[in-house]
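Chain nomenclature is as follows: A, B, C and D, assigned in order of appearance, with residue numbering initiated at 1 for each chain independently.
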Amino acid sequence: MISVGIVGGTGYTGVELLRLLAQHPQVKLSAITSRKEAGMPVAEMFPSLRGHVDLAFSDPANAALGDCDVVFFATPHGVAMAQARELLARDTRIIDLAADFRLKDTAEFERWYKMPHACPEVLAQAVYGLPEIHREAIRGARVIGLPGCYPTAVQLGLAPVLEAAAGDLVERDGLIADCKSGVSGAGRKAEVPALLAEAGDNFKAYGVAGHRHWPEITQGLNALGGAPVGITFVPHLVPMIRGIHATLYARLTPQGARTDFQALYEARYANEPFVDVMPAGSMPETRSVRASNMLRIAVHRPPESNLLLVLVVEDNLVKGASGQAVQVMNLMCGLDERLGLGHVPVLP
Amino acid sequence: MISVGIVGGTGYTGVELLRLLAQHPQVKLSAITSRKEAGMPVAEMFPSLRGHVDLAFSDPANAALGDCDVVFFATPHGVAMAQARELLARDTRIIDLAADFRLKDTAEFERWYKMPHACPEVLAQAVYGLPEIHREAIRGARVIGLPGCYPTAVQLGLAPVLEAAAGDLVERDGLIADCKSGVSGAGRKAEVPALLAEAGDNFKAYGVAGHRHWPEITQGLNALGGAPVGITFVPHLVPMIRGIHATLYARLTPQGARTDFQALYEARYANEPFVDVMPAGSMPETRSVRASNMLRIAVHRPPESNLLLVLVVEDNLVKGASGQAVQVMNLMCGLDERLGLGHVPVLP
Amino acid sequence: MISVGIVGGTGYTGVELLRLLAQHPQVKLSAITSRKEAGMPVAEMFPSLRGHVDLAFSDPANAALGDCDVVFFATPHGVAMAQARELLARDTRIIDLAADFRLKDTAEFERWYKMPHACPEVLAQAVYGLPEIHREAIRGARVIGLPGCYPTAVQLGLAPVLEAAAGDLVERDGLIADCKSGVSGAGRKAEVPALLAEAGDNFKAYGVAGHRHWPEITQGLNALGGAPVGITFVPHLVPMIRGIHATLYARLTPQGARTDFQALYEARYANEPFVDVMPAGSMPETRSVRASNMLRIAVHRPPESNLLLVLVVEDNLVKGASGQAVQVMNLMCGLDERLGLGHVPVLP
Amino acid sequence: MISVGIVGGTGYTGVELLRLLAQHPQVKLSAITSRKEAGMPVAEMFPSLRGHVDLAFSDPANAALGDCDVVFFATPHGVAMAQARELLARDTRIIDLAADFRLKDTAEFERWYKMPHACPEVLAQAVYGLPEIHREAIRGARVIGLPGCYPTAVQLGLAPVLEAAAGDLVERDGLIADCKSGVSGAGRKAEVPALLAEAGDNFKAYGVAGHRHWPEITQGLNALGGAPVGITFVPHLVPMIRGIHATLYARLTPQGARTDFQALYEARYANEPFVDVMPAGSMPETRSVRASNMLRIAVHRPPESNLLLVLVVEDNLVKGASGQAVQVMNLMCGLDERLGLGHVPVLP
């Protein structure tokens, strides 16, 4: 059994981690911390966990996180990097669901997150936790920067056409990611714009002037090889709880115009347990992956255009966060990657 | 033209007042205050008002509220009573949408609102702003305690059977008000339980151990005459933005069992412009009154029971708050009660 | 392995059965029928099942249902009773999620469902599939009439106080069940009132003049012993997908007024794996059981009243239908009742 | 007073027309037809109209539509063109909210709507009812083909940069319209995908292989002058009732890269009563125009890209349908264009 600790279990990625880990056959939940709620049984805050999680929140100061095999940080940015050195010294592996170990360039990190990086040498060894692209590195990693929810959808949606091996299929500098997210992506924070009376029965774009997931997406796509990409990322808020839908546009090169993208995508993800390339003509719905770790992709060639259109759906709290974290943990611990992640999506 | 001021225009009853008053043919909006947002144009916070409201929020300290004919308080409890004496001295009339002037018994007020009453002598002259029951008193009032959203629905739903003139129709001590409200009733406050990710796709009761609208309902029903009532009030939160649905149960007396309640209700409200007694067999929907000042009632006798069942719907922000406030203002100012309140409900 | 067939797999209880059975360790899905969709892969209609269910819908005429150990009917009323004799002759057990085997009195059945009963002798041996009340009979049953969604919530909410052993705690003839359901309870039928543009952002009562679950509830409560009950049942439609919330009112007798109901309920359900009596003061939310077979109950004594107030939540598609069906199947087949039903509720 | 008839008043554009016309100071509602509901009072189907609309649906065969000054067709495609000649002979003007008079090329019409055009000579004189582009022609028109909901948003969003006078600002052949609509856009039809249990808490694209609004958009943009445009149109379904959000992308030419688009848009729409160009940096919300005829636009230059990004919101039932119809009627009848359309949007 893997002994697991969770730092910051009161947000949505925290409770989702608990949902998944409580049903994982090889995990023992050892500690879950919250400074503010120390002493409160977890199931008192989240009655959905009654009978499944018996732990109480413990004070971070007292939690024996160093005794855990793996510690997940489901915290705001900046928390994981403050504790990383100490945990690594205890040989505890770290999976950070926030952004501390995502951006490799500390100047970029500091520009977007408005704080200095606390441990550049840990960042240097951290692995970006996107298994479909970095599986082997993840197996050997001691620190994981888990991808953001949007970056997971956008990178997996575009990787097949941008990877060096694919050839010159699309214009790399005019990509568009028009993305839509349910409100749980904003976290369990008391903020007016996320109220049901504000975000319900409503739709809007946000973060147009610059969103923190943009440098992460750019870094990830550039790392696929070939010329640097240019991508415009426009996120929107959908009046639903879970789910991300990415609508991705790329201009075809002459080679691209002759390519069978359906076959390309099916081949690229043929052995991926959590990426489903849907049949030609499909239009994936976010609910088709609700509460599951599956990500679905459909590839289209809009009529009378020179575009490739890729539609991607994921549950932002599962494949976009906590499910991917468990998938990464499985890899790091030598387990079957799929363990504890076999849930059938909840529909309707 | 009536010169109107609004104290506290950043909440939902405030913006709804602005929506209604901006279209009112006899109102001049003179000032709207917000300590926190002083200087910001109202339409910047609420783009729905662009082109309709040109005012900026002004600092309460500088606002010439005493020059207004009427001042609405769309504020938390306690604000109106702190300013009432000064405004009355300037001959400005006050309509408080909060609870400062609802409960006649200051001990009750202090028990439920956890603050001493600042001006009992003003409270003594305040009129409870429910036109269908207190129309004449409202016409002459200088201070109005506007009813809460639930109390409006419950009192208008039960008044016809509890009024002394109706006779002995129901058991007065076993009334039940099972009420359901959209989330805008909780106000525009940043609180976790009102997030879309919490309140969406969810249903629950709340306030079972005691809700501030209970003493107000009880006071109002007792004032109808006859023996004191006993009522159990259970509010629930509905994943919608606007709307209250009250499901009211009363046990029939032998006289009640022989009564034609459809006729009784139709007669009672025959001349009320904002109460619609629907045809027998109707089941009113909250959306049938969305964004309008209408309240609809349907009366049922459930099969094989000894109960009267009354279904009531209103828009909690209109008839349950700001619309009723305008209706009351019209009465106080000698205008046609319906002025500025003729909106057709928005459906779908 | 238990060989399972499903008749009528295109509705919500059908797809929910498939979700649960696809993850059940002792079940082999052998056939799923749909006259209309014969030949279509199930996962084409419900992409959430891709990779989990490989079957295609088969024509009922050709399906070898008689070879199955258990056949579930997720069909409209009237289908199961037409096929019951033939399946029983093949020694196949039947679990009907519709109403064919719920009402013991065929006259009552015919009155409420407007059709003659096709096999009264099968009805006579059918067992009402509510494990918490009829567990032993279910173990030996060959035909199950599975409870409706509302009747499950109402009966489990009131059983502890109505069972003969409990004594004389409440007035048996003045019970009220004010119930609220998400729209999936209406099924996957193309009907205008269930459109998002109709039922969204809206709340209303329905079925006040008589709902088919009322005779079922009455039959079930009467069977608990003691004097016959009288109950008024008012269902409401909530703008959410899954979930039932029952708000139950009972008048206390003098003995009831002295009773510790929290202790009574906790004792009654102490050993029930799928009934959770929450701590005193709780207000259960429907989302706390979303996508799980758990039903949660909270018991209250509203202040200044003589009432017992019981709040019950369940997922209408799980404990209110397909999950309960699997629970019953486990019992009939001698398996651990909890098998395949251990899902943690999905929150948020 | 203008005598108005409505053909097909049972859908969402019909009830929205009724809401607007019932409050219009210069309109007399003379007839509203429905073959299926003939004889039923309109307010019985739509209780929101109780007290505002006293008409009953009349049989189309008997309705004296030819006596009306203006007849609106809120019907499926094909109905208006079947009755147009007869009404025009009676000197009645026609405003068709469906597609019969939108596409000027009958071959295109037949290709997209799968029916021959019944009156090409009427089509030839019909005017496309988008006042901001065709105001003068509308004033003199006898037949109006009212724009679709998406085409209204897309054309008004792109017109300022595509009009010949604007110069060569964007690449005309690589436009993208990523559009999102609430479910009322699908009409009040009983169809499974529009159920709350299907479309709620969900997001998806649809119509990717070809949507009927695409040829309409293309025709409209081409008519602005200059080289033909090429536009990719991807509509998505949002779990909300009303509202369209268009996210529009255009590549800048060198001239465009030097252009102040904020100033350009403000100048273009300076005198338009129903187009609001928001301040730089704004992100318009659909609710900011809910239930009103206003359309709001925000213009952005995404960082590190060569794109113009235009965000447009409208209420699909008002500016996208019935409100625009009233605006057009006002123009045709020589009234102030704004008459009866001054509603403040309903927020929250």
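Keep this in mind: a residue touches a chain if its C-beta (ideal position, glycine included) is under 8 Å from a C-beta of that chain, and two chains touch if they have at least 3 such contacts.
What you see is a predicted model, and the numbers here were worked out from it, not measured in a lab.
Using the mean of the Cα atoms as each chain's centre, the chain most removed from subunit C is D.
The greater number of contacting C-beta pairs, out of the two interfaces B-D and A-B, is seen for B-D.
Centre-to-centre spacing of subunit A and subunit B amounts to 45 Å, using the average Cα coordinate of each chain. Work out the mean CA point of subunit B and of subunit C, and you get 39 Å between them. Subunit B and subunit D have Cα centroids lying 37 Å from one another. Multi-chain contact residues of subunit D (touching two or more other chains) are listed as 12, 182, 184, 188, 197-198, 200-201, 239-242, 284-285, 287, 290, 348.
By the touch rule above, subunit A contacts subunit D in their complex via residues 174, 176, 178, 180, 182, 197-198, 200-206, 208-210, 230, 232-234, 236, 238-243, 245, 247, 249, 251, 281, 283-287, 290, 300, 302-307, 309, 311, 313, 348. Contacts from subunit A toward subunit B in the complex involve residues 12, 182-184, 186, 188-192, 194-201, 239-241. Interface residues of subunit D, counted against subunit B in their complex, comprise 12, 15, 18-19, 22-23, 46-52, 184, 188, 200-201, 241-242, 276, 278, 282, 284-285, 287-292, 294, 296, 317, 342-348.
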